[in-house]
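Per-chain numbering from 1; labels A, B, C and D assigned in written order.
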Amino acid sequence: MDEIKQELQSSSRATHQDYFGKALSYLCITFVGLLVLSILYFITTRGLATFTENHVSLWKFLIEKNWNPGVLDSHGQPQIGALPMIVTSFSVTVLSALVATPFALGVALFMTEIAPKRGTKVLQPVIELLVGIPSVVYGFIGLSVIVPLIRHTFGGTGFGILAGVVVLFVMVLPTITSLSIDSIKAVPMYYRSASLALGATRWQTIYKVVLRAATPGIMTAIIFGMARAFGEALAVQMVIGNAVLMPHGLLTPSSTLTSQLTTGIGNTTMGTLPNNALWSLALILLLMSLVFNILVRFIGKRGSLKK
Amino acid sequence: MQDYSFDKTHIIDIPIEKAMTTENLQVFYGDNHAMHDASLQFSRYRITALIGASGSGKSTYLRCLNRMNDRIATVKGKIMYRDMDINSPKINVYEVRKHISMVFQRPNPFAKSIRENITFALKRNGIKDKTELEERVESSLKAAALWDEVKDELDKSALALSGGQAQRLCIARCVAMKPDILLLDEPASALDPISTAKIEETLQQLRKNYSIIIVTHNMQQASRIADYTAFFHMGHVLEYDRTEKIFTNPQIKATEDYISGNFG
Amino acid sequence: MKKRSLFSTIVALSALGVLLTGCGSSSSKSSKSTSADSNVKITAVGSTALQPLVEQAASDYQKANKKVNISVQGGGSGTGLSQVQEGAVTIGNSDIFAEQQAGIKAKKLVDHQVAVVGMTPVVNKGVGIKNLSMAQLKGIFTGKIKNWKEVGGKDQKINVVNRVQGSGTRATFEGAVLEGAKAIKTQEQDSNGTVQKIVASTPGTISYLAFSYVNSKIQAPSINHVAPTDQNVENNKWKIWSYEHMYTKGQPNAAAKKFLNYMDSSKVQDSLVQKLGYISIHDMKVQKNASGAVTTK
Amino acid sequence: MNSKTTNNIATGIIYVLVAAVVGILIFLLGYILITGLPHVSWHFLTSAAQSFRAGGGIRDQLFNSLYLLVLTLIISFPIALGSGIYLSEYAPNNWLTGLIRTAIEVLSSLPSVVIGLFGYLLFVIQFRMGFSILAGAIALTFFNLPLLTRSVEESLEDVSDLQREAGLSLGLSHWKTITGIVLPAAVPGILTGIILSAGRVFGEAAALIYTAGQSAPIVNYSNWNPMSTTSFLNPMRPAETLAVHIWKVNTEGVTPDALSISSGTSAVLIIVILLFNLSARLLGNWMYKKMTATK
């Protein structure tokens, strides 16, 4: 009897295990947190140097169209207008997400509503493989297949936003698809049963009930897809043409933030204006990634179905 | 549903040996006061049923008894077990749960083999001896009246069992720990009548060696198996007495109405 | 039992991870401290164009000198110069003079010229151009000439592909051809391989490449009827060429010096350099300084 | 009738979309394999790369890719596991947790070149690791962590709370419940996460150019001492991976057979990824069966 009393009042192996486990998991998350903080700090300080050390006006950086950081203009001012790249980055991102969404939804619905067993068996590996193909390979296929194809169909050089969109479309497809699948799966079964029981066809059920209920999740999926497109570098760089010009259409060569960053970074020296200017581009990428994530949280909070 | 007074209650003391008692137990979910001043005594080697409508607080109360509410609610008051307040923060909850074990509403076998479902926790508690483990598997399965059905397929996945079998496995899993008290939270509510009957039979067997507290919304079940019955209503215990008394001669209006099916 | 082993595997793995990280940093430190007596480590970083040459030379060199460990990496001329300046690497490979790179204090660096690379404009085969004058070339790259028929070719729009700003190839080309004029804003590529592919496949395209990347799928026109050949570079008849530099911070240490001497030896200069499409530094009859002035040797 | 027609049309459209996606994949795989496979031979797989002569192989690159993947997983998986467990089991529902989640997401959407340069400045230069597999593995950990953490978290959350209650009510510690009951049930999901992230690690080039480097020094495959500079196991040596090799050969390659090397390498890369996916799937099923003892 006393023995049990003793046991109840003292800590046991289980309590030690719990402290240990808790400490371990806290340690891991702290580590991840520090990692993110350090990289954020790093990019922010480098990215802000353009404005603090080189005294470039932030406004000019955002709205001017001339990007030529190595050369001073007639007024002795560095030419670092990032607008063309910002516009191009947004264009390819939005367009590729727009093109990819119907395909992603089609696949997601097929895997969840139409043929869950067979569909998953065939399409799950398809999605995983699409993720698995490296961006270098996507880039080279883009360069050797898509660019000539566009050139033959539409004329011009073939390089440009359209080529970027085609490549990115395939690259963001798996992201949007798998996240959409998750959100569609999260729609409770009885929603469907209820709708079908009322005599609705499968499509009416999908369209009016399932997709409605899954909308916040699908929006999240699209935004994550956009985030992926926004940050993709190597593949886009090979097909976009890398001309720092305002895009005049889908077919003229232009340049995204990432492509400018990747091509330029090795050829500039740390601490100089051209290098700092590139880090400012990286900072924009970082901020955009933050914006995308905040959007996701916002949508998640407003229309959350799960919690 | 009409409003019943919470002031008038009829709660008896248990004259015989007590398994555990609660004193002024209160539960809060954030600002929501879910359980008011529940003071009950549970008899050793008897079955006590907690009845009441959905949301009456009976499950909440039961979950306090082995501190399963720790993470989700604030529990005030005393829970006395072996002359100790096990609701005190100094108490090692893991040890508490070895002595006061719980079976849940929905069968929840681990995604392991039948054998491992029973031996998993035992091994973690330091029982290494193979024969001892085998013995416990057999005895607990027998106690839960499952042995004959599964003795040839102990290495099969527990997920392949039927609902009733799975629930009895969950009972066996608890029994194998040789606890003092078994808490059961509507163990048969998700099961068909035949499985329910088997579970009840099992409980009657277990009663010889264990103190059992069972939450049920099924009054017939309570009247069939329980020695004592407590009636919960809107977070209050209104009546607690011997089961025959509750069902034949309730002292409180709310109990009477509930039993005769006027609400609930 | 199985679960236990799973869990312990995880723990073991994590321990191994920590261990490796620890060992990694400690072993790198220890290899640094003991470098004097046992293994010598030389790191050469920078120009991607120079990388194949140094890499191959290093691997040949290490066969004879087992104690030396040479690691050759790319990253671009800018990276090479800034890292050697900071002392982070032994040798900074560069396509351009340190003086030409903003942010580099060239005085602190010692230049070792290991090869000469000739560069030539290249055009798509379809435009039908075999010769261009220097003025025409300048006109094309500044955007004044927009159609191939203006320079005697087909009636076809000119598509200019430039190289990335700050790259050695572009600096050399613009120094020799544009003479301070501003290049037209256009498509920019950062690598020889990509330019080669684009010029070969896109009608009407002109760009420029190092000699070694010129192949049968593209056309390298002569300039003022001087053909892009090694001989013409050696006597400066062909103006578009530059050195490949290997910079050290101050005078190199003994091991690096030995390797740099090897790079300059006839063993490398007479075979490897030429095999890789460069021109031997020994064959040059002229020399160029950082501001582009050419004098005979 | 009308709604039935719509139903049929819509279903038809979905079929077309699915067929298009499958078609795209078949095209991609077909293209890569048809242009690449003819160049793949035993010699190609087992000989070292050449700087300027034709006939180089990808032996070292192939090994480096695998080794880097293993190292990356060794470093990132335990951390991701711990973080995933924290987020799914311990994290309180407050602003801090939200912040951590956002931070992880931001990390995953950063362009790889930025991470590469960060890794370069911090690990290669600052910590004096030099261009090394280890520096590369750490840089890749940056990518891998968000993906892996999320997949661990999601897989754990997919396990019903009933399982946790069952474990707790038997007097098991919270930690033991997680590692002994919840985690094994989540293994197939976690494995899928590992496959997906491994695919990304395998194909990553931009971040590695600045960290693991783009040269493959001669290594000795019979030297098993990881501390020796010539050992193939030495984590401190520079290492070019398949993806970097493709990139390098295409951009600066002066070998006459650059095109066939790059197609061949792409084909090998894809095949390895295919094999990897397949075996991980089989392993996952096998483990699940073992765990749950379903026969």
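The rule we apply is simple: a contact is a pair of C-beta atoms (placed from the backbone, for glycine too) under 8 Å apart; a residue touches a chain by one contact, two chains touch by 3 or more.
Here the structure is a predicted model, which means the values were calculated and not measured.
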Per-chain CA centroid nearest to the all-protein CA mean: D
Chain pair, most C-beta pairs within the contact cut-off: A-D
Most widely separated chain from subunit B, with each centre as the mean of CA atoms: C
Geometric centre distance via CA averages, subunit D-subunit C, whole Å: 32
Distance from subunit D to subunit A - Cα centre to Cα centre, in angstrom: 17
Distance from subunit B to subunit A - Cα centre to Cα centre, in angstrom: 50
Numbers and ranges of subunit A residues touching at least 2 other chains: 13-15, 18, 262, 265
Contacts with 2+ other chains: residues of subunit D: 78-79, 81-82, 171-173, 176, 179-180, 184, 250, 291
Numbers and ranges of subunit B residues touching at least 2 other chains: 94-96, 120
Contacting residues of subunit D [partner subunit C, same complex]: 51-52, 71, 74-75, 77-79, 81-82, 120, 124-125, 127-132, 134, 138, 179-180, 183-184, 209-210, 213-215, 217-218, 227, 229, 235-238, 248-254, 258, 290-291
Subunit A to subunit C touching residues, read off their complex: 68-71, 143-144, 147-148, 151, 157-159, 238, 241-245, 253, 255, 262-275
Contacting residues of subunit D [partner subunit B, same complex]: 160, 162-163, 165-173, 176, 180-181, 184-185, 291-295
In the complex with subunit D, residue positions of subunit B that touch it: 66, 68, 94-98, 101-104, 106, 108-113, 116, 120-121, 124-125, 155-157, 159-160, 170, 173-174, 177
Residue ranges of subunit B touching subunit A (in the complex, touch as defined): 81-84, 86, 90-92, 94-96, 99, 126
